[in-house]
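What follows is a single structure, and I will ask about it in a moment.
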Amino acid sequence: MVKLLEVKDLYVSFFTHAGEVHAVRGVDFELKKGETLAIVGESGSGKSVTTKAVMGLIPKPSGLIKKGEILFEGKDLAKMKESELQNVRGKEIAMIFQDPMTSLNPTMTIGKQIMEGMIKHQKVSKDAALKKTIELLDLVGIPQPELRVKQYPHQFSGGMRQRVVIAMSLACNPKLLIADEPTTALDVTIQAQILELMKDIQKKTGVAIIFITHDLGVVANVADRVAVMYAGKIIETGTVDDVFYNPQHPYTWGLLASMPDMDSKGDELFSIAGTPPDLIAPPKGDAFAARNPFALKADFELQPPMFKVSNTHYASTWLLHPDAPEITPPDAVLKRRNLRTKAGENRGK
Amino acid sequence: MGRYVLQRLFYMVFTLFLITTLTFFLMKLLPGSPLQNQEKLTAEQREVILEKYGLNDPVPVQYVRYMKNLVQGDLGISFKYDNREVSTIIGERIGPSAQLGFQALMIGTLIGILLGSIAALRHNTWVDYGSTVISVLGISVPSFVLAALLQYYVGVELRWLPVAMWKGFEYTILPTLALSVFVIAQVSRFMRTEMIEVLHSDYILLARAKGISGSGIILKHALRNALIPVITILGPMAVNLMTGTLVIERIFAVPGLGEQFVLSIMVNDYTIIMGITIFYSALFILIVFIVDILYGIIDPRIRLAGGKS
Amino acid sequence: MDKAQNEKQLKINPELFQPAEYDPSKVEVITRPSLTFWKDASRRLLQNRGATFGLILLTIILCFALFAPIFSSYKYSDQNLRHAKLPPKMPYIEKLGVMDGKDKDGFDWYATKKVDKYYYFGTDDLGRDQWTRIWTGARISLLIGLIAASVDLLIGVMYGGISGYYGGRLDTIMQRLVEVLMGVPYLIVVILFILLFEEPGVLTISLAMVVTGWVSMSRVVRGQILKLKNQEYVLASRTLGSPDGRLIFKHLLPNVMGPIIVMTMFTIPSAIFAEAFLSFIGLGIKPPLASLGSLVSDGYKSIRTYPHLMMYPALVISSLILSFNLVADGLRDALDPKMRK
């Protein structure tokens, strides 16, 4: 498969009154055509900033890409001028935001908002754009699209608005779709519908998707591969199976253990103690060390590299070093490993 | 929408009725009389005048008569200018005031919007600070101080423009400027705040994510959304211009309604004071109404919801 | 990721692979000191350059208004016709070529009239010391502003509070009255009420401004109360059986304090402006007493011959209103909870 997007050693900082916030600290990842990558992490872990950097939407002058390359089909987006970026945004890469209640212009009909990008990028006539818009609204499951195009956002429900935003993102047949927590602001039942819709669209159009979320349930549902971010770094990456059933980083353990499931009925829910570090002065070792019950002295002193677990699976913790002592992961993680073995056995049969 | 308009119209008439009644009885309470300023009158002459104006009747009778006449657009007769109808005087005087008010509102709003938008687009740069300083000064320096300074420096010292009077367009420039500074300041302050908020909104980010260019975003998305709330300050703005004309017209000797009002206050010409008060109130109520309707037409969220949300 | 990298790491001191101490209690330590709402607000107010400038300017004007008349060798009403219409003359500053006792044509009136005194801001047509009159006038203007603002506050908070808290039909009726009062342009009402009095004084002028002035305060308070009274913490307190008084004074009012303070800070300069406006149309403070507005108005009459009679009071009143506006703006931003990070 061909590489669509390759992010190399990306550093993004924000300059505030309190000082320089190192929001993204050396992120590497890649994405193949038609693939879905989920970036998981808590608020402030740098997942949104990473994708905003890809879109060239880091607010200036407070934010700055300090270092790194963002290669999209071989062209470095980080070095592009604003005018060049405008021809990539919406056309090659499209974006969906978290809150559909605020991400549509309240004083413009949704038809105009969808057509705007098409007219700008594809130089089509108004009639053609309108026809395509109605098709798109139909595709994302909005009934009576001919009537709906002339309506304003406030006449749509939250779920419907998110469908409109999705239709808008598909307007120019982009190669990459970045979805920044697209279901977080929606009701659970609507969430499922939107996820189904996105999977369906990917099947039909073959678009690659970067899915940002803090909801691991969503990840399992939609993604091919997962990258877990913490304090501006990717600390573990692998296929969904790798990360869910054979997690290596204690932070990933914590994340998975804090996810409620049917079996844990009656048990107390696990939670990770403490708060993420202040990124104005990031810790010199593993940023998670202070909250990590399994931390080694090395975690406080030295930045762990990415250790290879398998061809698809990497994690950044000193526990993977050959000299590190054997430790027993928490029960929840062991249970997951067993599940995988069982699943493998089942598949084997 | 239709029902809403009707309901509003009813309240407008009711409000105006209450204001007229209050003003009428307030006038009856005033000390002094318009007759005391005129040349010495004999008791007989005095009696004739009082009879002529119906001032010997009981107050309730006078009130009912006044209201009856008011419905027909008759505001009574001036005490000072013998036998001249108040409505005629207002008619003669409204022209210059309306022209001044309109010019000041147009220029003030346009410059204010421009200044406010530029400040927001260049948020936290010297352009922003400069525009903020201008608008804070514009709000703080009283309009009559500004008018006096303009008159003295531009009119008297530099002789660039006429010092006073009302004989053509160049005579309107200084009073318009003096009136518009407050409008500029208010509108630009408001516009700046609204624009900053809009520019930080998600839908502007999404528009950028669609690849729309900077100017396209400002013209098609930001400006319209920031402008809608600015309409709401047009009502207070109009009142401000109205009262502003009282002193500005006096300073520049403009034969307008404001100047007449101040003149009438000085000679206790009750019927004119009342007439102009009612006129101002009616105008104000009408402007607020028009602004609300306009808001409903421009903002789709209100238009289709049918009434205020 | 590759072998080279993995090999490099092998050189790490094996001691580092000892488990580190894990102390969950340390993890929860809050790193930044917590600030109370008011501490936080005042910190933010002082960070605002405009507000700080406004505060300094306001303090200076207040000091002069309080002390200048006390330490002056003249009274605001002292007349000395022999010293009438003198230009400003101030010690030390006179050497800079300004305020040196010369009029705009460079003519030294102090020498001509053989005056060996200093009139810092000159004298008016009755030979009264403008310096003393301006700072006395500033006192009067401030007094009018303070009275108007405090009565506005009292009526506005009660009216708005009752209307918003009890709501329903009472609110509807109370709001109809407000709409009627708002139907008349503010300054016109003030003028009509001033006309009721033959000799308007400080108190009558201030109270005339209150006639409809309290309406804006009541609207601010009502709006806030309406918003707050359905918030969870108020509902919780109500569920626990708190009486109305406790709800109002413990839960609602403290949270409305911010907007009330800001509104009051905007009312003071607008009352000062309104008084000046009245003076300009001949309805303000009557001589020998003076306000900043009446001084500007008197000065305007002789602006062509003695510009200093208007310029100095105009400068003081503009600075006074400016300083209040700057502080009020700063307070609004500082007290806005949305700005709290």
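Odds and ends about this structure:
Each chain carries a letter (A, B and C) given by its place in the written order, and its residues are counted from 1.
By definition in this document, a contact is a pair of C-beta atoms (placed from the backbone, for glycine too) under 8 Å apart; a residue touches a chain by one contact, two chains touch by 3 or more.
Bear in mind the structure is a predicted one, so any value in this text is a computation, not a measurement.
Each chain gets a centre from its C-alpha atoms; the one nearest the centre of all protein C-alpha atoms is C. Looking at B-C and A-C, the interface holding more C-beta pairs in contact is that of B-C. Taking each chain's centre as the mean of its C-alpha atoms, chain A lies 55 Å from chain B.
Inter-chain spacing, taken between the CA centroids of chain B and chain C, is 25 Å.
A separation of 50 Å divides the Cα centre of chain A from that of chain C. If you check the complex, the residues on chain B that touch chain C are 11, 15-16, 18-19, 23, 26, 29-32, 132, 136-137, 139-142, 144-145, 148-149, 151-152, 156, 239, 242-243, 246-247, 250-251, 262, 265-266, 273, 277, 280-281, 284-285.
Residues of chain C that touch chain B in their complex: 50, 176, 179-180, 183-188, 191-193, 195-198, 269, 273, 276-277, 280-283, 296, 300, 303-304, 307, 310, 314, 317-318, 321-322, 325-326, 329.
Chain B makes touch with chain A in their complex at residues 201-203, 205-214, 216, 220-221, 224-225, 228, 299-301, 304-305.
Residues 1, 5-6, 9-10, 12, 14-20, 22, 24, 26-28, 31 of chain C are the ones that touch chain A when the two sit in their complex. Those residues of chain A that touch chain C in the shared complex are 273-275, 278, 289-302, 305-308, 314, 318, 321-325, 327.
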